[in-house]
Amino acid sequence: MNDAAEPILSVRGLCKKFGALTVAQSVDLNLESGARVGLIGPNGAGKTTLVNLLTGVVSADAGSILLGGEAIDKLKPEDRVHRGLVRTHQINTLLVENSVRDNVAIAIAERERYAWRGLRFTRQWRACLEEAEERLHEIGLAREADREVRHLPYGEQRLLEIAIALALKPQVLLLDEPGAGVPSTEAHIIHEVLDRLPSAIAILIIEHDMDLVFRFAHEIIVLVQGMVLTRDVPEKIAADPKVRAVYLGKCVL
Amino acid sequence: MMATSEHSAPTGAAGLRNRFQTAWHVLPWLVAIVFFFVASGYLSLGTQIMIWILFAISLDLALGYAGIVTLGHAAFFGFGAYVAGILTVRATGDPLIGLLVATALTGLLGFVTGILTLHTKGVTFLMLTLAILSMIYEYANRAKALTGGDDGLQGMSLDPLFGRFEFNIFGHTAYIYTLVVLFLWFLIAWRVVHSPFGRSLDGIRQNPRRMRAIGTPVWLRLVAIYTLSAAMAGSAGALQAYATRFVGLSVLSLFTSGIVAVTLILGGTKRIYGAFIGVTIYFLVQDYTAKIDPHLWEFVIGGLLIAVVLFLEGGLMSLVDSARNGLARLFKRSNRT
Amino acid sequence: MISYAMTILLDGVSFGMILFIISVGLTVTMGLMRVVNLAHGSFAMIGGYITAYMTQKGYDFYLTLAVAAVAAGLLGGLCEMTVYRPLYRKGELAQVLLTMGLVFISIAAINAIFGAFPYPVIMPKYLTELVDIGFRTYPAYRLFVLAVGGVIAAILWYVIEYTLLGARLRAAVDNQRMARAIGLNVNVLFTLTFMVGCGLAAVGGAIGAGMLSLEPIYALKYIVLFLIVVIVGGEGSFKGSFVAAIALGVIDTMGKYFIPEVATYMLYVAIFVLLLWRPQGLLPPKSAA
């Protein structure tokens, strides 16, 4: 409540180069609690790289990242997760040999750091399973709970990605193209789930599906060649000639 | 994987099912105990089998569960063997102290090499494990004064266990000692793989990226299991030294690393009992075919290996699983009527 | 003094040539098909034994080399189409195990057919003599190896860099998916390159018999060396395997001359340190993942 003005995620001057290729140029980004921000940009703009920089999978050349007021630049990706910065992946990264429920339960076990407390494992694991069951209910995957992920239809696998992320109780959630690869007949499921995401979480969503972004986001950031072109409410973005030019080329009829 | 939901079943059937499962668990140990009394002429073979089961389980922890593909595990086995052997020559013949020291030092070796190499993956890591194995082999080969070189370690003298039980050619002490050590390690391994820690290892094997994304310190976990696995292999090596009262360079050979991986694959990885089956089969095959032709067993093992990789993903344990599932279904059906 | 150094150099490079000839096939297999082929040494071994057997029966040395190369190539092609194909999709563990199974079978076969003792290749007379190279007399055999190695390296270099086949090969190594997408018949390419690699290994095993002696355990004993050449050089990199092979040959020889007690041991330490420093190898192909 006190830091409603203070953004939960604060990024300043993030820079990254791969050889001669600059993938992030002095990127500034703020997310308040409960934010719903879309990140769009043409292919190669550096959107996924930005997520990788935020999560620590790629280390930045310069700039600072503050989560809840604390610097997380030096932290390893797994530590940032424990601080509350969670992402989903553009391509499903699930444990395909395990069941849907197990995937969520394992995430919960990690969240609670049960790994080193092996002694009372039965009770702990059961608690993880119960919580997993609840999470699956919330997201609508409960009836698939026992199914092995490799037998799950693609759209539901995408849902599971989100379910796992939510199970980690994030403060900031980075959704990397949640609708990617989902057939249009199933896309509405993703939309519904996104609508129902807890309001306290700050969410940054990368998407190419413009319907989804415009519908979901309260604000949109446009990224072009690693640089933030503009940030505004969806209506203004849609009307912005610069944005049009970036997407459609300089020649706008 | 453990059953995640308990369906309500008539208590009679559930109780019977539990007893059925417990029977499976007790079986191999019963067999081992009975074997001791019934087959006293074959005790050394039995001891060998148990030592290799321990060795195979140690590899299973690293390879089957955590997905650490290594061809250098004989380094830990051999290191443990030599430490245990050299200790009896130079310091003390006490088999308990020797076992503990060998286990601890081998664990330390695993820890150090793990820290240095586990951040790499794939072929690079494989090569590093081969380099370490070769390094240790060559050192043992050259350090004749310490290890006996390619003649092997001479002059091991073991004190009797607890001051009473001698290690002699009849092999009674070695057998029981090995059985007890195997049992203790088995309990530890079982506990580890069925814990959240063990589950996370399975996750790391399948998808390290996913595990990092849920906050798992992947590298630390790998180092931990690698260390435990090394310590276990070191114990096996020490037992090997005690059983034969001799240590030769072959314990450090690539061949040994290969064979233990073979036994694991034959039996089925990621199933602790797979090691039991795989090792037993291996020794039986070797024993049987060696009578026909000294090199036939290499053919058979090679062929089995290829067949298992191509056609039987889960090793022979998957056959056992199918059999058990079949039996369980039979059971349920007869119970319903 | 100079003579001493030159001798070491010649010894080392000739040894390296053998390693190169044998390992170049392996670097392609591992770089192109991404298969860890522990059985590569078996093809070198088989080639060596074929040549040894035939020369002992009195056949012409060069004829036996040709027969060995062709036989190993055909055998390789057969293996590729039957047991290696399924491996491309399976993980590294499956590849290691299956190829290890092949190693066991090859060792058993050689043991059964030829017995366990070292099996010599009968070289033509002029190769067993010493040649005057100015500062000393030197075994013609090693000069022969140097020559053959150089020629093979040159031919391969030409093919890789300047022919369409070579371009296709490099493309497929760099980016297999893309290569398939633009219509390269990758399956045929795989089989052919595998066969050539096995044929070369056979030749290497045959002419290298004077340095890596033929015995049933050959396949297992030397595979670590071949893997070192491939991985230190960079999987899929011809230049890399050449450099690594020569370097390995020279360093190993120098070690044996100067510090024989710890030579082999230090070699592995060096490999260990090098791989930690450069996990991709010395000269990895451009887009090594």
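A, B and C are the chain letters, set down in written order, and residue numbers restart from 1 in every chain.
Keep in mind that, in the parts below, a residue touches a chain if its C-beta (ideal position, glycine included) is under 8 Å from a C-beta of that chain, and two chains touch if they have at least 3 such contacts.
This structure is a prediction, so every number in the text was calculated from the model and none was measured.
Student: Count the C-beta contact pairs for A-B and for B-C, then tell me which is higher.
Tutor: The comparison resolves to B-C.
Student: Averaging the CA atoms per chain, pick out the one whose centre lands closest to the mean of every protein CA shown.
Tutor: So the chain nearest the centre of the shown protein is B.
Student: Counting in whole Å, what is the centre-to-centre distance of chain A and chain C, each centre being its mean C-alpha position?
Tutor: Chain centroid spacing, chain A to chain C, equals 48 Å.
Student: Suppose each chain is reduced to the average of its Cα coordinates; what separation in Å results between chain A and chain B?
Tutor: Distance between chain centres, rounded to whole Å: 42 Å.
Student: Starting from the mean Cα coordinates of chain B and chain C, work out the distance between those two points in Å.
Tutor: 34
Student: Would you mind listing the residues of chain C that make contact with two or more other chains?
Tutor: In chain C, no residue touches at least two other chains, as defined above.
Student: Where on chain B does chain C make contact in their complex?
Tutor: 63, 67, 69, 71, 116-117, 120, 122-124, 126-128, 130-132, 134-135, 138-139, 141-142, 254-255, 258, 261-262, 265, 293, 295-296, 298-299, 301-306, 308-310
Student: Touching chain B in the complex: which residues of chain C?
Tutor: 30, 36, 83, 86, 90, 92-94, 96-98, 100-105, 107-109, 111-112, 220, 223-224, 227-228, 231, 235, 261-262, 264-265, 268-269, 271-272, 275-276, 279-280
Student: Provide the residue numbers of chain B that touch chain A in the complex, in ascending order.
Tutor: Touch list, chain B to chain A: 1-2, 4-5, 191-192, 194-197, 199-200, 202-203, 206-207, 209-218, 221.
Student: Which stretch or stretches of chain A touch chain B in the complex?
Tutor: Counting only chain A, the residues touching chain B are 55, 57, 76-79, 81-82, 86-87, 89, 93-99, 101-102, 106-107, 109-111, 114-118, 121, 124-125, 128-129, 146, 164, 168.
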